[in-house]
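The next block holds one structure in the form of structure tokens; read it before the comments.
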Amino acid sequence: MADGFLLATHGLTVRYGATTALDAVDVDIRAGEVHAVVGENGAGKSTLLRAIAGTVQPTAGAIRIDARNRLAWVPQETLLPPDLRVADWIFLGRELRGRMRWLRNHAMLDGAATALRAIGCAAAPSARLGSLSLPQRKQVQLARALRAEPDVLLLDEPTAVLGETETHHLFAAVRTLKQRGTGVLYVSHRLQEVLAIADRVTVLRDGRRVSTDPVSAVDTGRLVQRMVGRDVPEHRRTDRTAGDPVLRLIGAAMAHVRGLSLTVRRGEVVGVAGLVGAGRSEVLEAVAGLRPLRAGRIERPAGCAFVPEDRGSKGLIAALGLRENVFLPVGGWFVDRARERAETQRWVEQLRIRTTGPDAPIESLSGGNQQKVLLARALRHRPQLLLLDEPTAGIDVGAKAEIHDLICQLADRGAAILLTSSDLPELLVLCDRIVALRAGEAVGAVAVDTATEEHLAALITGAGG
Amino acid sequence: MIAHRRRVLLPRLVSGWSAAVILLLEFGFFTLVLAPRNGGPHTFANLANVALILKYSSIFGIGAIGAAMVIGAGGIDLAPGAVIALASVITGHLFVIENAPLWAACVAGITVGLAAGAVSAALVVLANLPPFIATLGVMGIARGAGFLITEGRFYDLSSRLPSGTAPLGLSLAGWPGVIMMLLAAYFQLVMTRTAVGRHVLATGGNEVAARYAGVHVGRVKTFVYVTAGGLAALSGVVLAVVQGQGKADMATGYELDIIAAAVVGGASLSGGRASVVGAVIGSLIFGVLRNALAQIPGGTFADRLILGFAVLIIVVMDRLATRERA
Amino acid sequence: MIAFRRHTLALLSLIAVANALPGCFHPADTPRMLRFAFIPKALHIPVFEYARIGAERAAKRLGGIEIIWRGAESTDEIRQKEILESFIAQHVDGIAISCLNGDLLTDAIDRAVDAGIPVVTWDSDAPRSKRLAFYGVNDVEAGRALGDGLAKLISGHGRVAMITSLGADNLQKRLDGAKDALKKYADIRIVEVFDVRDDAVRVAEVIASAAQRYPDLDGWLSVGGWPVFVRNALDPIDPSRTKVVAFDTIPPAPDLLRAGKVQLLVGQKYFGWGEEPVRLLKRIIEGDRPHEPYQYSGMDVVTRDNLDAYLEQWKRWQQGTL
């Protein structure tokens, strides 16, 4: 395009009824640059990408893009048809054809293998998508977009479900694209990553563009301030004394996990760190009673609540509203709507869930607020043991801090918490102890006062001691 | 804040009532079109005809209540037609051949339906069969059992029922409609005001999430299939008593009309959305249509065609109305 | 807002659909015609088309009569009863019905008669009801004709199989008549009675699989026309070895008779099914009730010898000159 932009939006506005998701946003992408977009949940980042990708009709404004430019979009959700193969998805719509238009299967398998290698994904090209783990599916999505060699690439929270190594590979691939002249619009919550990969960063708040700066001119503190509109103090851990043991795993073995022994006490936050596929979710599911034990023993308390990862597919039920998702299962025989509404309203206030009301449809909530709904569901029973699987995946800074506060408050009040996270700094901030898992085995327990991120990373990857 | 126009929560309440509006419009429409020209009595909009519509709609309506719940839980049931027939056979056999008291024969008929539903539930929950296959199998077994028992004959209950039987003062012909209404009210309450109802929709909406939340998904599924079986059997028992015959070959293909009634009444085949009241109204919509078509010259040859179109039109409009809008 | 649009669309589409139906908006005032409702067993059974031709012809000849031909798409007894009850609600002037299940329809027929609507049955009766007349073949005698005819063809000894459809009263009577006739022959054994559920497609399956099971069958007896309603149902049968007698003479049965695939047919008065009830209803309305409800139509026994003469007669029936 004439002015050096691959794509530019002018006064882009998207309204859903009474709500304005985007308000006269001007954003542009230059060739060979990574332009990051940050903001709290509900700030409009995903809507911006959707409008550019074309799945959402703007209410006003314009998007200018050269029609010859290829555009690829990797959305935040990782919903893939489970019975398709990896190679099929990577080549979907752009299948390689041979004589008589028949599909060239081997060529596509090879092509898929190349694309997967470039992104550092270990999955087999002929594997069923349903058999892959969540991070692997995300990598397949990315491989598909990258293979298309787009001129404009839209990435929506690509690293939310990726571990460190995978993120590494992604960044390498993005840098390669940059060199080829592709413009990347990169939406993320992980400010450290943004500062590492982006050239420019735009801050959105409440649907409006607050600022656009070269990355060298900002730091996380300044970004957070602009995102939230106020200063957000870094979270401080309080000292707690742990009480009696509430959960005991003794040589517990389950799918993907060999004999694991650990103890969680009252008032203690224990973290489980590990790479993708190390077995973290399986441990929590077994403790929750949703997975059978193959060996060993689990001693768990009666009041035990589990918040699964992947809230979209394993946590929330879209057909039900907010209140109904919280009150699931319904205690007792009958539904008391008035009582449920009142209690739901209390949770909305207590957890600061931003919503139109206790009966709002679940899909009208942003990711962070949806996660809070799941927390309300778990906390409603005042559990003695709280199991959290990736509680802040895909959630913005502001909501993340709120959830961290909440976890600490719960521990202060005597709850025992077992949580997993692929965000090592988060674990170091929240936990009293961290158990490192590698390929289904506990390879070390770390007391947080003396731990460092490097040491933890070394444990879970197996590099060094 | 992103507020999608998609009606997710509302249609579970509104769909039932939207169907009611369609029913009223339909009835009004045919009242106009079928008005007599030379000032005779109205052949469509009279009490006797409405009673007729209620009577014949309830054959499907009672079963549609069960279908709505099964579909709401994310399943599907192909057995109702066969269970209706089998229940009528059991009731007929016990009442006419074994000389059992009528109430006992009726209870036995309903029990057989509950048992058929239990078999479906076992196949779905324990053997993990897809509901389509499981209920297809039960349909075959039930249909075959009926033929085995009757050996091609039928049971004539009307010969042993004193003519002019009118329990509680209401003639036999009026009872199917009343039973359908009572069951509709009862199960509507179950679906909206009890824990089971919510758990049914949770299971259908997202079974994995429901299980993770602590819902006993297996128990929920068992509940809906057994209830659906019992309701279909009740429909068969009512048929046997009111129409006076127990036959193995009746109600062939009725399961599709029952499912259509539930879908028109707001049940979503992907699970999580269903309305019991809507299903009953759906059966009335089709009942009114069948009745009215029989009064329009040249009507019945096009019956099936028009009914098929009606289902498509209603469901397509529902999709259009709930499509996501910016 | 959306809900309102949906209902408007519903209304508009219902109007559109109704407009598509022929004759929905009636022509300008016509003089009061007698409306006779004709209900066949089902719409998809080809035999009844001749009844329709006969009925409409009789209506035209007598004048002032409108024939409303209505039935269920399949042999659904409950649906037939629903249609019958609908006609009662419409206060038609007369009803002529071929009953799928006479006992099931009895209470409805009685209600019609009590309400002043004359009812006659044709082809298949509801003997316990208050219907004023039944016009049709004497099923028992027709069955006997079949039985005797087959016995003669196989010289009084051998194994035979029978085809029927369970449920309809008239078929049951024919079956009884046929069995009765065959009882006289000690050397004739009935190996099996097959139920084809009134489905001409199923009869082909039944005959084919029976040919495997009973390879040395001497005769087939069908109390209905299913084997001769389609062209190839009888192919598995070797006519030199196995003889076939069947009911009904409507096409393509005569062709099959000529080709030797079937040896004897018993024909009913198909056009009469339409003509006679019209005449009966008109007479009843004019005050002339039949003394004897059973108006037997007589039957035609057709073999290759008298086939041509029969077909001549058929042509004249079709033209209405007989």
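Letters A, B and C mark the chains in the order given here, with residues in each chain numbered from 1 onward.
Operating definition for what follows: a residue touches a chain if its C-beta (ideal position, glycine included) is under 8 Å from a C-beta of that chain, and two chains touch if they have at least 3 such contacts.
This structure is a prediction, so every number in the text was calculated from the model and none was measured.
> From the centre of chain B, which other chain's Cα mean sits the farthest off?
The chain lying farthest from chain B is A.
> Measuring from CA centroids, which chain ends up nearest the centre of the complete protein set?
Minimum centroid-to-centroid distance belongs to B.
> Can you check how far apart chain A and chain B are, centre to centre, with Cα atoms defining each centre and the answer in Å?
Inter-chain centre distance comes to 44 Å.
> From the mean C-alpha coordinate of chain B to that of chain C, what's the distance rounded to whole Å?
32
> Roughly how many whole angstrom separate the Cα centroids of chain A and chain C?
Their C-alpha centroids are separated by 70 Å.
> Tell me, which residues of chain A touch at least two other chains?
Correct list: empty.
> Flag every residue of chain A that touches chain B in the complex, lowest number first.
14-19, 21, 42, 47, 56-59, 288, 290, 306, 308, 313-321, 324, 327-335, 354-356, 359-364, 366, 377
> So in the complex, which bits of chain B are touching chain A?
1-6, 8-9, 12, 192-199, 201-202, 204-206, 208-216, 268, 271-273, 326
> Inside the complex, what are the residues of chain B that reach chain C?
It is residues 7, 14, 18, 21-22, 25-26, 29, 33, 37-38, 40-41, 43, 46, 48-49, 52, 56, 59, 152-154, 156, 158, 163, 239, 243-245, 247, 249-253, 290-291, 294-304, 306, 309-310, 313-314, 317-318, 320-322 of chain B that touch chain C.
> For the complex, give me every residue of chain C touching chain B.
2-3, 5-7, 9-11, 13-15, 17-18, 21-24, 26, 29, 32, 43, 68, 70-74, 76-78, 81-83, 85-87, 89-91, 101, 103-104, 106-107, 166-167, 195, 197
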